[in-house]
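A short worksheet on the structure shown next.
Per-chain numbering from 1; labels A, B, C, D and E assigned in written order.
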Amino acid sequence: MLILLTGLLLGGTYTLIALGLTLQYGVARIMNLANGETLVAACFVTFWLYTGFGINPLLGLLVIGPVAFVVNWLIYTWLMQPLVKRAKNRGMLEVDSILATFGLLFLFQGLMLQAFGGSYFNYEFLAQPFSIMGNSFGLNRVVAFVAAAVIAVSLYLFLYHTDRGTAVRAVAVDPRAARLVAIDVRRTAAFAFALGGSITACAGTLLSTFYTFNTSMGVLFTMKALIIVIMGGVGDIRGAVLAALVLGLTETLVASLLDPGLTLAANYALFILVLLFRPQGIFGKRPA
Amino acid sequence: MSVPLLTINQVRKAFGGLVAVNDVSFEVAKGELLGLIGPNGSGKTTMLNLISGALSPTSGNILLSGQPIAGLPAHKIARIGVARTFQLVRVLPSMSSLENVVAGAVFGHNKVWGDEALTLARDLLERVGLKGREDVPVAAMTYIDQKRIELARALAGNPHILLLDEWLAGLNPSELRIGMELIREISAQGRTIIMVEHVMDAIRSLCQRCVVMNSGVKIADGKSASVLADPEVVRAYLGDEDDA
Amino acid sequence: MNIPRNEILTLGAGLAGAAVLAFLPLVTEGFWLSLSVNIMLYAAICTAWALFSGPTHLVSLASAAFFGVGTYSVAIFVDVLPFPALILIAVAAGALLAILVGLATLRLSGVYFVIFTLGLAELIGQIVTWVQTNFGGAIGLYVFTDFTETHLYWMLLALTVVVFLTGWLVNRSRLGLALRIIGNDEAVARHVGVDTARARIILFAVSGAFIAVAGAIMAPRYSYITPDAAFNPMTSFLVVIMALLGGTRRLWGPLVGVVPFTVVMDFISGHFPNQTAVIMGLAFLAIVYVLPDGVTGQLETLFRRRCSLDKSSLATTAEEGR
Amino acid sequence: QDPVRIGVSASKTGPLAGGASGVLWPNIKLWAEKVNKAGGLKVGDQMRPIEIVEYDDKSSPEEAVKNIQRLATQDQVDLIIPPYSTGLNLATAPLIAKYGYPQIVSTGNANDLDQFVKRWPNTFWPLGPAQGIADGIVGTLKDLHNAGKIGNKVAVVNVSDAFGLEMIKTGKPALKQAGFDIVYESSYPLGNQDLAPVIASAKAANPDAFVAYSYPPDSFALTEQAQLQKFDVKAFFVSVGGNLDAYGKRFGAAANGILIMGGVNASAPVFQAYRKEHLAATGQEADWWASPVAYASLEILQQAVEHVGSLDKEALNKEIQTGTFKTVIGDVHFDNNINNNNWTVGQWSDGVVHGVRATGNLQGAQPPVLKPAWPSN
Amino acid sequence: MLEVSCLGVRYGRHVALEGVSARVSKGEICVILGANGAGKSSFLAAVAGLVGTEPGTRIAMNGKDVTKLDAHLMVEEGIALVPEGRGIFGELTVVENLRLGSHARRAKADAGKMLDFVYGLFPRLAERPRQLAQTMSGGEQQMVAIGRALMSKPDILMLDEPSLGLSPLLSKELFKSLAIIAAEGFGILLVEQNARLSLKTADRGYLIETGRIVGEDTAPNLLSDPKVMSAYLGVSATTAAH
């Protein structure tokens, strides 16, 4: 039971990390390698708001979410849009976006380095035991889990049960055809990218309540997010959530019953197994 | 017509609950030009996919000159001597037209290489009416020319049997005439062909024999004229007689 | 088959160029040599990477895995076997790993392949770490040899030449054609009789073996081999970035990416040690927007424009002459 | 005046940046400022200002090697301050040796230092062999056990990278030899901060003491989890990270009694003065172990130059091998290039770390106390 | 209703269309005939706003100048296109495809009604609303594409070779449906290779050759024009076959 709950909590963390990229890559078709830097930047901003101004990280969400949305919107329209426009096909866009966001990765990292230096940071927030079925967990983790659940469910409802959401998915499938059904592809893609960025930033805020972070840690998050997004099937929220939970559970299981030294190995092994049997990810669809 | 070249025996293909090809059997003799027709979604493309190895059957077997080929990987079947075109044209976009055809010559049933492959490819391009356009990148070619490339590529493997999936679709009437002439010629040279087509003019004028499918089941098989007059075929596929 | 004249010329020029480069250590030592070792290293790896990823369009992030395997081949056996034998072990280990990966990834395409290979490299790194931790004995592997930077440079240069020759041979072979067809349309490839699985795996093995050799050659430079250095995912990323920057349609494409990339990045880290990341990021963005087709594409466009300029200027002179 | 050019190549980005920017870079800054304020470095009868030439090695051996080459041949610096971490120091050792610079490895150590020194007699190891540090905690536990204060059940975990592996390699046998029963033992991957299962399993084994050969992010995570899960042991030990001032700030009263790797003589006036200067010059607090050592290694370099009176590398090496140096961690003297007087265990007490165990003849150790139960919040 | 004048399109240096003028009114079926590569698809794409037009072009819809509007806004003006190659969303289900058709503001309110209309027209779609569009057969996908275009309640429905790949029966039914659709008041602009069938249904036709309009007449007149007969109807081929 303890293992299960711990695993679920961890899965919640992973869900947070991966949801933003799911949108950015799955819908806006930008393989955002700077995803992890966005997350870390949010950690720093949260830290700065909390320790400098006493703004509670949960309140901080209300600032950081919208700000990240706007910033990512601008990034998309200024930096990514030209790439989208000039790309003759999806492959070219993928290459271009990888190169461009690789540049962004360094840029963000450099800016954070200037602002905060390279040391480790953390702070104490809701680091109180919270008891579930007689086991105690960090309240901050529980809060993050609840937030992850709320975000994932709302995102799912939005994408699968609203017209706007279906439009977002349509853009993911075929941007050219989407224009023919009165979808403003540019705005929709910018919206998806910005929403993805905003979710990633919220993830950063929540994570910072229980993670020790520094400027150089973005890549780790990006890698984890990539693995989850791919394992779930590109662009599929359900897949990403499921993959995140499964990873969380596996890691905890392996750590508790086998050997914590094998957690990451188990993580990747699971990922590889999934792809061996479902080459298009858990919920991925085979292209025709 | 001693040993049939191709034997389809109780072949079945199910996608989940949907049975796209339902225990179909028929034979194709050497040198025959068989029309495979039927309503949309009746399983024709699936049938071709089963023969060419793009899909493997759920059950049943397929024999080419007596040799079982069902379920073999596509490249093996291609080497044994089955070539095809695709319902939506598939050319190799980053290669020239000559290279596209060479691609068919090098690995298929034929297996020629070097100058021999180049000569063969040039000949075939000329035969399909693309002489002098060897170096044009196929991406810049029109639809019908791409279809020609596809045909030449399929022929380059010197296959025992050629599968054409709506190769004539989308051609305008004058192009259609040229296309039909080309198929007739190829058939006249003794090549065995199965063609899937919705253009009845072509079926009527080219095919001696037709197999008709409906909802995955074979509903008719025989001389084109009589099959096309079969009331069930008319009802399910052709529609009430009018202007054809 | 007869070889076209201009290819013979290029080949000759290439070999001559390599011969000239071989003299570099005699001219300069120290920093420039170190930089050249790095350039040569990535020249070899990126070209080897592009042997497979260029024609198939399958972006592999497994370079770190092959590199690490090569490094460890040396680290484990350095005290018991002579160096050439270690290189052979690296070849075998790299190829074997590539074959396994190749088999596992046959059904994968696009981004699934990309991330699978990334995951795989990480997995291997993790397993090596775990084995080291639990089966002690060989913790913290030291590689002490008498190799100097010059030796490393020469070995890498030789490797690069071999990779280029292999690439040239492959391009002229049926295997090369098969891969180009696969890269265009895998379904078509199968239907014209290409054994796509075999072709993919063979070339992946060749590419992986070369990268492993590069890792083996670099091992003496690290002297202390740890999984996180040997299996550093950054290696995989850098390889992809440099090769894409150069362009993968030509055999020499990656090379023209590696040289400017390494030099520019080095210039930046040398001159702006505290703003490296920011400037590197900006430089990168600039490159993406200024060189949309990679360096190769840019060179080719320039070249073409030159030609057409020449022609049009010829035409105008002709006009005027009349 | 012609400045003395001193080259540094260390991590500003990548996985090692966190440690380097906490421990190494600030001390370089502090030292350079202080020396220059005092008029410069005394070389012979000249006072020459110092100029730092710094490069980022991006936490990668390739870059590190290239940077050293650049420093030696392009910039032709007079002295070199070596990289952060054991791995990068070993990777750059052959090159630094080739150019003859003294390499005072303030942030790295290994087990087979003798072998190293034989190969590269210009390397110096202020932190001493890994063995000493790894075994320090064993000695402390043994003392507590012999005094009848704790039982003999220990849970031990380590981060599985070069550092963790070196530590566990000698720490584990030492524990066994000291008669401890290892009731739980495991490693976890570098970068893993989700250590709830580790603490849960350790807790389930019901040990008397907990030993973690850990790195900063995981030191924090382990401590937080232990607190959350009310994992109460009489001795709780974490390694790198526990020495950070931020650690004390983060856990406040809960940190009381926690044992850490390394340590200082917190009551020594030199150290207290150093801490103040560090804060003033860099805006961040020095840690309670590695910072003063890093600073001391710079002082050693400085004093060696002053003693020799020139920048002659060979003479400098000789001087460092034989001389004695007055530093913020006390008098340092190398024995076969190794400093055998090191703090190995410290203990938090009201926001301050006191050294509780040292190798050699370091003075000022305080007796370790048992860790009280986690305060409930 | 739709009026196009002086439309020009070029791809780089290649001029695909030049000075093309055409119009379609309410309830009318108009067909464009022409050889492969004549520029038919380019014409439809230009009207739909998918490709840019040359200066001088004027496109007016219900009297409003819509020349420079982007594709998604064209839909709001009442122009729907069933493109070459269908352009359906393969990874979405049939019903999602259809519902997306009424994403346009103009169609939102009547989405339910239009869905019933489309299901009535193509019962196969009503049978399989949850199937992924890409696993439908060629002809079935065509139905999805047409149905989706209708869902936007267009004033003008443009179809690029809608009978491509349809069985004879379905082609006939399709043209019957088009007649019904037109009778409901939609204007229809059609590009077709099946000239005979389309001219039989259509009211008017345009002939297009290498980017220019070379002829325009009522459908019956075109059908009986011997030049048209041989060039676009392939009469000789059919007669030869019989």
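Please note the rule applied: a contact is a pair of C-beta atoms (placed from the backbone, for glycine too) under 8 Å apart; a residue touches a chain by one contact, two chains touch by 3 or more.
If you're wondering where the values come from, they're calculated on a predicted model, not measured in any experiment.
Asker: Trace the shortest chain of touching neighbours from chain B to chain E and give its length in steps.
Answerer: Minimum step count, chain B to chain E: 1.
Asker: So which chains are sitting against chain B and chain D at once?
Answerer: Under the touch definition, chain B and chain D have C as mutual neighbours.
Asker: Compute the centre of every chain as the mean of its C-alpha atoms, then state which one is farthest from the centre of chain E.
Answerer: Here the answer is chain D, farthest from chain E.
Asker: Calculate how many whole Å lie between the centre of chain C and the centre of chain D, each centre taken as the average of the chain's C-alpha atoms.
Answerer: One centre to the other, that is 38 Å.
Asker: Whole-Å distance, chain A centre to chain D centre, using C-alpha means?
Answerer: Chain centres of chain A and chain D, defined by C-alpha means, are spaced 35 Å apart.
Asker: Please work out the Cα centroid separation of chain A and chain B, and write it as a whole number of Å.
Answerer: Distance between chain centres: 47 Å.
Asker: Would you mind pulling out the distance in Å between where the CA atoms of chain B average out and where those of chain C do?
Answerer: Their C-alpha centroids are separated by 42 Å.
Asker: Taking each residue of chain E in turn, which ones touch at least two of the other chains?
Answerer: Answer for chain E, listing residues that touch two or more other chains: 135.
Asker: List, in ascending order, every residue of chain D touching at least 2 other chains.
Answerer: Each of 12-15, 160, 187, 189 in chain D touches at least two other chains.
Asker: Could you check chain A for residues that touch two or more other chains and list them?
Answerer: Within chain A, residues 109, 113, 259, 261, 264-265 contact more than one other chain.
Asker: What's the complete list of touching chain pairs for this entry?
Answerer: A-C, A-D, A-E, B-C, B-E, C-D
Asker: Please give the residue numbers of chain A that touch chain C in the complex, ascending.
Answerer: Against chain C, chain A makes touches at 25, 31, 79, 82-83, 86, 91, 94-96, 98-100, 102-111, 113-114, 219, 223, 226-227, 229-230, 234, 259, 261-262, 264-265, 268-269, 271-272, 275-276, 279-281, 284.
Asker: Can you list the chain C residues touching chain B in their complex?
Answerer: Answer in residue numbers: 1, 174, 177-178, 180-181, 183-185, 187-196.
Asker: If we count contacts the way the header does, which residues on chain D are in touch with chain C in the complex?
Answerer: 12-15, 54-56, 58, 60-63, 65-66, 69-70, 72-74, 86-87, 90-91, 93-94, 110-111, 119, 158, 160-162, 164-166, 168-169, 187, 189-190
Asker: Would you pull the chain B residues touching chain C in the complex into a rising list?
Answerer: Contact set of chain B toward chain C: 52-54, 73-76, 78-79, 83-84, 86, 90-95, 99, 102-104, 106-109, 111, 113-115, 153, 157.
Asker: Write out the stretch or stretches of chain D touching chain A in their complex.
Answerer: Going by the criterion above, the answer is residues 11-15, 17-18, 20-22, 25, 59, 157, 160, 186-189, 191-198, 200-201, 216-217, 220-221, 224-225, 227-230, 241, 244, 246, 250-251, 284, 377.
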